[in-house]
Amino acid sequence: MNERVIAMPRPPEGERTRLASAQDLQVHFPRRSGPPLRAVDGVSFDVVAGETFGIIGESGSGKSTLARALVCLQPITGGALTLSGRSPASLSAASLRLLRRDFQIIFQDPRAALNPRMTVRALVAEPLEIQSIGTRDGRRAAVLDLLDRVGLGPEFADRYPHQLSGGQRQRVNIARALAVRPKLLVCDEVVAALDVSIQADMLNLFKDLQDELGLTYVFITHDLAVVAHVSDRIAVMYLGVFMELGSKAQITERPLHPYTRALLDAAPQAVPSYRRVHREPLQGEIPSPLAPPSGCRFRTRCPLAVEVCAASVPAWREVQPGHFVACHRAGEAMVSTDGTDLRSQGVRSAAR
Amino acid sequence: MSLRLSLGRPAAIRRRFDLSSVLAISFLAVVVLASLLAPWVAPYSPIEQDYTQMLAPPSAAHLLGTDDLGRDVFSRLIHGGKASLFGALLAVLVGTLIGVPVGLIAGFRGGWIDDVIGRLLDTLLSFPAIVLAVAITGALGIGLTNGMIAVGVVFSPVLARLARAQAMVVKQELYVDAARSFGATNTRILWRHVLPNAVQPLIVQVTLMLAVALLAEASLSFLGLGVQPPWPSWGAMLTRAYHYMEAAPEQMFAPGLAILLTALAFNALGETVRVLLDPTN
Amino acid sequence: MSGNARFLWRRLSQFLPVILLATIVVFGLVQLIPGDPAVTLAGEFATKERIEEVRRLYGLDRPLMVQYGAWLWDALRGDLSQSLLSSKPVADLIIDRFPATLIVVVGAVLLSLAVGIPLGMAAATRARSRFDAAVMAFSSFGVALPSFWLAMVLVYWVALSWQLLPATGSVPFSSAPGDAIAHAILPAIALAAAGIAEVSRQVRSALIEVLASDYIRTLRAKGLRRWRILWQHGLKNIGVTLLTVVGLLINRLLGATVVIEAVFAIPGIGSLLVHAAINKDFAVVQGVVLVMVLIVICLNLIVDFLYAAIDPRVARG
C-alpha cells in the first residue's frame, strides 16, 4: 500500500524493543478549589513491541486518563513518558505530529469518536490526508482496503456514523487508526460498548490484526475475562495506581494482591485455571479519587487490611522476576493460598 | 380558573407551524424572484419621471399609483425590493465573515485570546446597533453598500458570541481528540471538525438576522444614509411618502407592508430552519 | 457575602477595560474615513487653507496615539471638541438636545414594561391557549415591524386625521410638562412596539418555567390565590430575566430613537447624530456615540449589581 509497510519491520523474535515506557507517570486535574484530582497518580511500566499489555480496573480508576496520556492527548503532570525512546513533551509540534502516527488509540465511546458530519470514507481517509500518506487516488484505494481489513464492505464507505451499528462504528474507528500504520494501539474498553454477541468477533479481529500487522496493544478493560483472554501481561489498576503487574500466568494463577484475588474470585468463569477460594465478594464502592484513602488505597475494601495499611503507602516491589505488587501483606497472602486461617485472621483484623 | 400549564397538543402546533413556513417560503420566493427579474417584471422604469402623473392614485396603468415625481410606485417597489434584499444579504454576509471566524477562534483557543476577544465583543455589543451603524456609514461614506457593511460590522459580535459558545462545546468532543491523535493541526480541526458541528445554530441565527438586517436597511435608507436618489429601496420610498403624507397617505402602505411581511417571512424561515436542524426532531 | 463582594469586584474590574475599549472604538471611527480625513472633513469645495485649518483644529497632523491620548484627555474633562458645522462645543449640543431624547426613551421603556409584563404573565398562565397564541403572534409582529413606519402610521391617523395628539416636534419638560408629555406619547408608542414584543415574550417563557416548578406547585396546593402567586412569587423569580430585558431594551431603544426622532422631528441626540453623520461633522458623531455607549455600559453595570442583590446565586455562579 505504501512505503510505511516496508519501513516498519516486525521486531525479531527474542529482541524486545521498548515502545512505550512510563516512570511514575501522573496526571492530576486541577480543580477550582481544593487539591487536584489525582486521576493517575504514579504508575510505572514498559510496553514492549509485539505484546498485548492488559490493564484492568474498575470504573473511575483512571484507565482512560492513562490511555489518553499514552497517546499524548493528555499532558502529564508528573513523572516521565517515553515513546519510541523520546519524550513527547520535548518534541516540536512537527516531530510530535510524526510521532503520533506510531501511537494510536481506539476510544471507549465509538460513536463520540466519529465526527457525525463525515462519511465513513472521509473519516478513514482523514489520517492519511493529515499525514500526507499516498496520492489522492492511492488514498481512495487505501480506504476501501482498510475497510475490507476490518470486515466492512465498500458499501459502507458513503454512510454516516449514525447509520452504523455499534460494532460497525468500532470497526471504522479501528480502520482509521490502522490507516497510519501505528506501532502501538491503545484499546480503551473497545468491547464494553458492544453487544455481547459481537464482542468475541471483535476480539478475534484484534487478534488477527495483531498477527497480520505485528501490532502492539495496550488493552484496557474492566472485564476480567477479556483481559485474561487477550493479554500477555496484565496490570491491575485501582484509584490511579497499579496494585499488581505481571505475566498473564502470574496474575491469573498466582495473584499476590488482595484486590486481584477479589477480582478473580468475583468472576470464576472468567479464568477457569484460577483456583478459586471462597471469600465474600468485594464490598462497597470504589472511593472517590478526590479523597483517596491514606496509605494503601485499597484498604477501605481490603479483607486483609491492618493498621500499617492506613499509615504507609505499600511500596511497589518486584517480588518475582517481572511480577510487581504493592501490598504490605502480599507475602502473607501468598502463603495463605492454601492456608485459610491466615485469611480469616486478616478479615478479622480489618474489621477492627 | 386554575393555572393551566399543559404543554401538550404538539400536533396542533406543528400544523400551525407548517402553514406559516409554507407561507413564508412562498412569499420569499415571490419577492426574491421579482427582485431578480425586476427589469422584466416591473411595468415601468423605477426612475423615469412623468410630471403629468404626480401623486396619482392607483389605477389600471399604475397599480399602486405614482409618487411625487410621477414615477410608478409598483415598479419602484419591485426595484426597491432588489436593493433591500441585497442590503440585507450583504450585511448578514459581512457579519458572518467577520463574526464567525473570530468567535470560533476565541472559543477554540481559549486563554488570553478568548479573554481579549470576549472583552471586545462585550464592548461592541454595548453600542446601540443603529447608532454605531449610522456612525460607521458616515465615516465610510454614505450609500447602500457602505451602510450595509456598517450594519454587518455591527452584527458581527452577535454571531461571534454564538460561534464562540459553540466552539467551546465542540472542541471538547471526542472526535476532536481523535483528529488530534492523527496529528491534525488546529487549523484543520477548526475547519473540518469544529465549524461543521458548530454551524447549525449559526445558520438559524443568520436566517433570523436577515429580518433585522432588512429593518436596518430600511432605517438607514429612510434616514438618507442608504440608497441614494433616484434609486429606490423600501426604506427610501418611505422617506418620500412621509413628505407627502397629507397629500397621498396611501403611498406609505406598500413599502411599509413589504418590509413588515418580508421581515416576518425571514423570521418564520429562521424558525423553520431551527426546527429542521433540531437534532431532537 | 464574600462571594457577592468578589463578584462585584470582578465586575468592576471588567468595567474599566470595556470603557477604554469603547473609547478606542469611538476614536477609531474617524480612522475609517477613506483617504485624508482633513480633506473629507473640510468638505467638497474647501480651500487649501480651510483643509489645513481643519487639520489643525482636530490635531490630525499628530501621531495616532497622541491624537487618541489628547482626545481621551479632553473627553475626560468634558470637552468633546467642537462641531464643524456650527462651531459650537459638542458637549453643549448634546446637553441641549439630550432631554428630548430622554423623555421619549424613558417613556418607551415604561410603556414596554407596563404593557409587556402583564401581557407576558397573562400569556404564561394560559400557555398554549388561543390567547397565548395571539400574544405570541403580536410579539412576532412587533419584532418585524419597522418602528418608523409605525410612527408614520400613527402620525397620519392619530395626529393628522383625528388630531388627538401633536404630530411633530418636542417641548421642553421644564417649560410645559403636560405639553412635553403629549409630544412624547406617539414617539414612545412607536418605539415601544418592539419593546412590548420583546418583554412579553421573555416574561412569558421565564414565567412558564417558574410556574412549572415544585415551589409554585406547593404554593398552589396551599391554596394561595392565583394572582397573588403570580405577582408575588412569579415576578420575584423572574427578576433576573426582567433585569436582563430592561438592560437590552434600553440599548435597543436608544438605537431605535435615532430613526424615530427623524419621523417626529424631535431635536434629540438621535437626529443630531444623523445630521452630523450625513454632513461629516465627525466631532459630533463621536460625541453622541460616546455618550450613548457610556450610558449603556453604566446601565449594564447597574443591572449586574442588581442581579447580585436580588439573586446571590448569579454572583456566585
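For clarity, chains are labelled A, B and C in written order, and residue numbers in each chain start from 1.
FYI, contacts are C-beta pairs under 8 Å (C-beta built on N, C-alpha and C of every residue); 3 or more make two chains touch, one makes a residue touch a chain.
Computed from a predicted model, the values in this text were never measured in an experiment.
If touching chains are joined by edges, the resulting network of the protein chains shown is an open path.
Between the interfaces A-B and B-C, more contacting C-beta pairs are found at B-C.
Per-chain Cα centroids separate chain A from chain C by 59 Å.
Chain geometry summary: the mean Cα position of chain A and that of chain B are 53 Å apart. Rounded to whole angstrom, the centroid-to-centroid distance between chain B and chain C, based on C-alpha atoms, equals 21 Å.
Residue positions of chain C with contacts to 2 or more other chains are absent. By the touch criterion stated above, chain B contacts chain C in their complex at residues 1-9, 13, 16, 119-120, 122-124, 126-132, 134-142, 211, 215, 218-219, 222-225, 235, 238, 241-242, 245-246, 249, 252, 255-256, 259-260, 263-264, 266-267. Across the interface of their complex, chain A is touched by residues 173-175, 177-185, 188, 192-193, 196-197 of chain B.
On chain C, the positions that touch chain B within their shared complex are 14, 17-18, 21-22, 25, 29-30, 32-34, 125-129, 133, 140-141, 143-146, 148-149, 152-153, 155-156, 160, 208, 211-212, 216, 220, 226, 229, 251-252, 254-256, 258-259, 262-263, 270, 273-274, 276-278, 280, 282, 285-286, 288-289, 292-293, 296-297, 300. Chain A meets chain B in the complex at residues 68, 71-73, 96-98, 100-101, 103-105, 107, 109, 112-118, 126-127, 130-131, 173, 176, 180.
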